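Notes follow once the structure below has been shown.
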Amino acid sequence: MNAPVTDLATTQQYMLAEEPYYRAVDAETDVYEAAYAARMPVMLKGPTGCGKTRFVEYMAWKLGKPLITVACNEDMTASDLVGRFLLDADGTRWQDGPLTIAARIGAICYLDEVVEARQDTMVVIHALTDHRRVLPLEKRGEQVTAHPDFQMVISYNPGYQSLMKDLKQSTKQRFGAMVFDYPPADVEAEIVAHESGVEAEVARKLVQVAQRSRNLKGHGLDEGMSTRLLVHAGQLITRGIPASDACRMTLVRPLTDDPDMLDTLDSAIDTVFG
Amino acid sequence: MNAPVTDLATTQQYMLAEEPYYRAVDAETDVYEAAYAARMPVMLKGPTGCGKTRFVEYMAWKLGKPLITVACNEDMTASDLVGRFLLDADGTRWQDGPLTIAARIGAICYLDEVVEARQDTMVVIHALTDHRRVLPLEKRGEQVTAHPDFQMVISYNPGYQSLMKDLKQSTKQRFGAMVFDYPPADVEAEIVAHESGVEAEVARKLVQVAQRSRNLKGHGLDEGMSTRLLVHAGQLITRGIPASDACRMTLVRPLTDDPDMLDTLDSAIDTVFG
Amino acid sequence: MNAPVTDLATTQQYMLAEEPYYRAVDAETDVYEAAYAARMPVMLKGPTGCGKTRFVEYMAWKLGKPLITVACNEDMTASDLVGRFLLDADGTRWQDGPLTIAARIGAICYLDEVVEARQDTMVVIHALTDHRRVLPLEKRGEQVTAHPDFQMVISYNPGYQSLMKDLKQSTKQRFGAMVFDYPPADVEAEIVAHESGVEAEVARKLVQVAQRSRNLKGHGLDEGMSTRLLVHAGQLITRGIPASDACRMTLVRPLTDDPDMLDTLDSAIDTVFG
Amino acid sequence: MNAPVTDLATTQQYMLAEEPYYRAVDAETDVYEAAYAARMPVMLKGPTGCGKTRFVEYMAWKLGKPLITVACNEDMTASDLVGRFLLDADGTRWQDGPLTIAARIGAICYLDEVVEARQDTMVVIHALTDHRRVLPLEKRGEQVTAHPDFQMVISYNPGYQSLMKDLKQSTKQRFGAMVFDYPPADVEAEIVAHESGVEAEVARKLVQVAQRSRNLKGHGLDEGMSTRLLVHAGQLITRGIPASDACRMTLVRPLTDDPDMLDTLDSAIDTVFG
Amino acid sequence: MNAPVTDLATTQQYMLAEEPYYRAVDAETDVYEAAYAARMPVMLKGPTGCGKTRFVEYMAWKLGKPLITVACNEDMTASDLVGRFLLDADGTRWQDGPLTIAARIGAICYLDEVVEARQDTMVVIHALTDHRRVLPLEKRGEQVTAHPDFQMVISYNPGYQSLMKDLKQSTKQRFGAMVFDYPPADVEAEIVAHESGVEAEVARKLVQVAQRSRNLKGHGLDEGMSTRLLVHAGQLITRGIPASDACRMTLVRPLTDDPDMLDTLDSAIDTVFG
Amino acid sequence: MNAPVTDLATTQQYMLAEEPYYRAVDAETDVYEAAYAARMPVMLKGPTGCGKTRFVEYMAWKLGKPLITVACNEDMTASDLVGRFLLDADGTRWQDGPLTIAARIGAICYLDEVVEARQDTMVVIHALTDHRRVLPLEKRGEQVTAHPDFQMVISYNPGYQSLMKDLKQSTKQRFGAMVFDYPPADVEAEIVAHESGVEAEVARKLVQVAQRSRNLKGHGLDEGMSTRLLVHAGQLITRGIPASDACRMTLVRPLTDDPDMLDTLDSAIDTVFG
């Protein structure tokens, strides 16, 4: 059984065609480049919608490497990552999973929301994320040595962390961790204006609303409003929906069903935009 | 492996043939059109039987877009949404799931009762509902870029919400939320009369009974009587069943088995119709 | 892929060949006919063995419609109802499930003991039981529009209802509910005599025993003795088994293993027959 | 698809070749014959090893009917009872399960230790055990009408009954129940002597030991010693193992690991045989 | 479908080629031979590593019968024991499981660590272990009558027994039980010397260490040191590892991670060997 | 069915091409060689990242034996270890699993993080790890006698041990146990300098930070910082990232999300490097 031919076309499919919009906040791109130079596995920690996915897209573009993203979920099996035999007209045919493709072509492999996956599914990445840098395909009887460009990146939101869903120490201790948060107010307003087309003043007000909600995290809200939601609000406002209605629909109603919290957040909107 | 050909016939199958009956209450159609213009994912929140499904059918008809509806359930796997390989006379053949078809043809994809699905099944929609608008078909090794007309809509009944069954923040924060409730009394009576053929006076009385039951929500009833049930009562009344019997059968017995609650609701019927 | 041909033979197989014995108690046949005229989904509520199944058989015969019965159980999947692909000499072949057949041929589809099924399996019937009257066969990519004669009927025993096993409000609120109970004493004695061949006097005594047991429901017994068990007792008596032995074997021993309850029920038999 | 041909050979395979040894205690054979005459489903209740299986074998032989026995277990699916499609050189082929075979050929179908099966697997027998006497093979689209000779028998040990494992009332109320217990001392000694070859005096002593253990049921023992174990003891004694050793090995050590209970039972042996 | 041909080669494969080393302690071989003469099912009870497996190997060799051993585990299904259909170039082919092979060729079938198996998997052996001596292959529609030489043996360690994992009485009461324990000190030392090559004096000391640990069973240790571990210690000592290091590595570290218990056991070693 | 041909190429694939870097601390290589000489199964106990995997690689290289490593996880089935039938153009084909390959070619089989596997999956190794040294392939009807060079090694981290996840005594008592810990400070600094390229002084400081964290194990940290993480820190420092930032990213953020613990560990870094 020969190793599957990995042609140029496969690699090309995972290259980012154009520069993703990314507004750097700190030295995060330098740090990432140093980690990549050591091919150190990297963990991106931070709340939902703060730009982790965008960041890894930007770095893949900047480094000129293909990027393979896998959205993790708790039904994901090791075979979903590694590959499986498919039944074909000529019997069974092996199909590489996304992790195997990434290891072969030297892509950055990004496992998004990794705590969702069963802890033990993560065991398959162990030999890829230590000095060995190999991926044993036990079902195929092949051991894939990672391409020199290959790097593993995972994202993870500490807010979800529970006793049931956490990474094992033997997984965690394979990664360097970069911590992300919502951007500073002026940077965030710049992003919201850029992405939604609202005027700077409106963008600043939207950020003010978001900041009030973020202070309520852990005090009745599981999460504050993400930058993504502010962009949503801006998009409705630029299409003529009154700011107050747009904010209720995009910033508040998706977040909570609790009547008191709804009142609190609605008042915040009225105060800022009133 | 070529992408499956998506012919006109497929699209045509999902177009609504005639205008669905929908009685607008507020500015909800304008708001939806603004959200659609931004291709913002939309969440419809509200109690069972208040018209969420009818609304999305009406909007799909109004916008002239195909509509693909998926009734969610907790055994639904990602493959049920995305597609799977089927065994054919010539080996395996890929079959797109409803979400994939919707992404290819530019349909509105409506996931009904989304809290029923396993949280993590929902992870497959993440890349479709942020700036990426792509659907990775990992098993097929294909990445589907959504058609420009594609939009995601989900429905969800906050009354069912429990610790075990709620959407994750990282899912919620991808949607604008439109809140639905039972219509105002006069509008609801108009709907009941239109759909069941009862006279206006009888329709008004049926709405009165329903409103009493809705006040009992959370005080012995899980839900109040829906508009749909009022239509059922009207249908029996127009076929000669006495109002009191028709209401017991269609409004009360389906709702509860609790003897005290049965008495309370039966008295309400007698008071209104007596 | 063409829709499966549904020939006359299929329909014929589900027609009742002869009039089932059914002894009407009240206006239940009229009410059912009005519900059927509106094609309203109907829920039959009542204790085990009180005649719900016999009633729906009788109504199907009276209306001249085919009847498809499905005994629900908690391992039933949506595919068991809707259909599945089978592997054939020429690859996969679709086989309609009983619900799909019923929708195609315009049968009354009777889901017996529906609370046994997983709540969410029931979600597949939602689009069939509201204004849409369609059944989406997602795996086949076909949407079946129900035949104009199609009607959905479910049975359900409130005595089994528990926190774990109840229908969802969004399912319940699609049905009109008809409540069944054991027949009045004289009607029940008539049924027992007719079905088992015992004399009227013996039948009346068997009903007396049953009524005592029904008063113990919730006070040591999960259920009282059903009409079916009285027929069993009668059948043994007509074959020469002493009434006291026949009643112990058919009315008491199947119901309980509790020694006190056994004594209580045995005394009831001795009192009535002694 | 034609119904499978059920040839004479199939029936012959399930006929008992010779009269099973059965020592009647009471009128149980008359009662069973009356129940069979009415084709009433029968439930055999009693402790392990008291002769339920032997009884149904004897009755099948006496009535000259084939007997199909199924040992129930909690992994048993409805398909294990009813049948399934098997993949063949020419595609799929249907294979009847034991319940279907019994219904076709008119056998007595004996479900041994029925409480082990999942409650809801039992739902498949419902239509076979009421006035309908049919078995719907939903996967095959066939409805099997039971042969006039078909009868359903189940066994069940009330000692195992727990909240988790009990039959549903809607299942129980389909059966007449025959209660079994260990035979009277002289009958049991006769059986032990007949089956093991020990002398009458030794057999009587073995029964005395057993009776002491049966008094301890619920007081440290889950079950007393069964008749089968007494036969085991007798078999070792006739092969020259000292009675005291034989009893310890066959009557005591299999029953319990509790040191106090071991002492108590060992002393009982020494008292009786000492 | 013909019964699979069971050729001489199959039987030969399960014959023990040479006499296993077994050091008899008591009359256990006579008792086993009497039980085998009656083809009585036998249960071997005793702690891990005390020689149960070796004993049954020895008896199979002594009786000149083939031996088929199955290591039980909780994922073992009935099909793993009984057999299954495999897909072949010519469709499905039946493959006998180890229990079926044993029943056909007249082997001693040894189910090792039977409490690990799901209770109900054990139900498949019921008809093989009472007067019937048959194995119904329901999926194949065949009933295998056991070869006259067939005998069932199970092993089971009462120390593991818990509420969740115990055999059912209806399973237990099919077996005669032989109780095993670690051999007397002098016999055990003889075994350790024979198997590891250490001198008699060292072997005696190793047994002394083991006996101290066995007194701690239930007082901080789940099990004492087995004979097998003493052989391990001896093997390292004969290869030049100091006795104290060898004992720590083979007798203590595998047994426990508890710091106090480690100290206690290490001191015992120092005391005995110091 | 012939045994699969195991050619030289298979063996060659598992030979280590070059000497792995391993810094011996004590007499561990001698002890291992004695255990290997007796083919004694060996258990490597110790915290994550302390060098267990590296050690077994080194020993395999030193002994000139092939090494097959399996990362265990809780979804691993016995078939994943032992092998399975795959569907081929010519029907089913057997494929050996890694354990079977190791037994055939005489490899050292290393089961990494064995507590992750289901206890009972481990039962398949029992006959390979006692005097029998055989692996029964029940599905294939073959019994593999282990190659004389075969040895079983498992790793296991006592820190993870819980009531739910521990090895059974009957598994543990098949292994000699070698205990590993982080190396002494000077040895560890030597390793860190060698692997990351930092200067000796920096390496010593990194070890100091690690030691402080290891004292917090069980007092707010599940594990202390592993040697691997120190190497990560060194790699970033040699690429110009300030030591303080490099340590935060690689030593602290991967370990914990607890704000107090983050402060404590950050101060430790500042103290050591400040």
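For clarity, chains are labelled A, B, C, D, E and F in written order, and residue numbers in each chain start from 1.
Here is the rule we go by: a residue touches a chain if its C-beta (ideal position, glycine included) is under 8 Å from a C-beta of that chain, and two chains touch if they have at least 3 such contacts.
Which chain is which protein? Per UniProt: A, B, C, D, E, F = Rubisco activation protein CbbQ.
None of the values given here were measured: they were computed from a predicted structure.
With contact taken as defined at the outset, there is no chain that touches chain A as well as chain F.
When chain D is laid over chain F using CA atoms, the rotation angle comes to 120 degrees (nearest 5).
Interface note: chain E and chain F, two copies of one sequence, contact each other through mostly non-matching residue numbers (shared numbers fall below half of all numbers used).
As a whole-number value, the distance joining the C-alpha centres of chain B and chain E reads 60 Å. Centre-to-centre separation between chain B and chain F, using Cα means, comes to 51 Å. Centre-to-centre, using mean CA coordinates, chain C is 30 Å away from chain D. Of all residues in chain D, those touching 2 or more other chains are 87, 90, listed in ascending order. In terms of inter-chain touching, the protein chains here make up one closed cycle, each touching precisely two others. Considering their complex, residues 30-31, 34-35, 37-38, 40, 43, 45, 77-78, 85, 87, 90-92, 118, 120-121, 123-124, 126-127, 130-132, 136, 138-139, 141, 143, 158, 161, 168-170, 172-179 of chain D touch chain C. Chain E contributes residues 13, 48-49, 53-54, 69-75, 80, 86-90, 95-98, 101, 112-113, 116, 157, 159-160, 195, 222-223, 225-226, 228-229, 232, 235-236, 239-241, 245, 249-250, 253-255, 257 to its touches with chain F in the complex.
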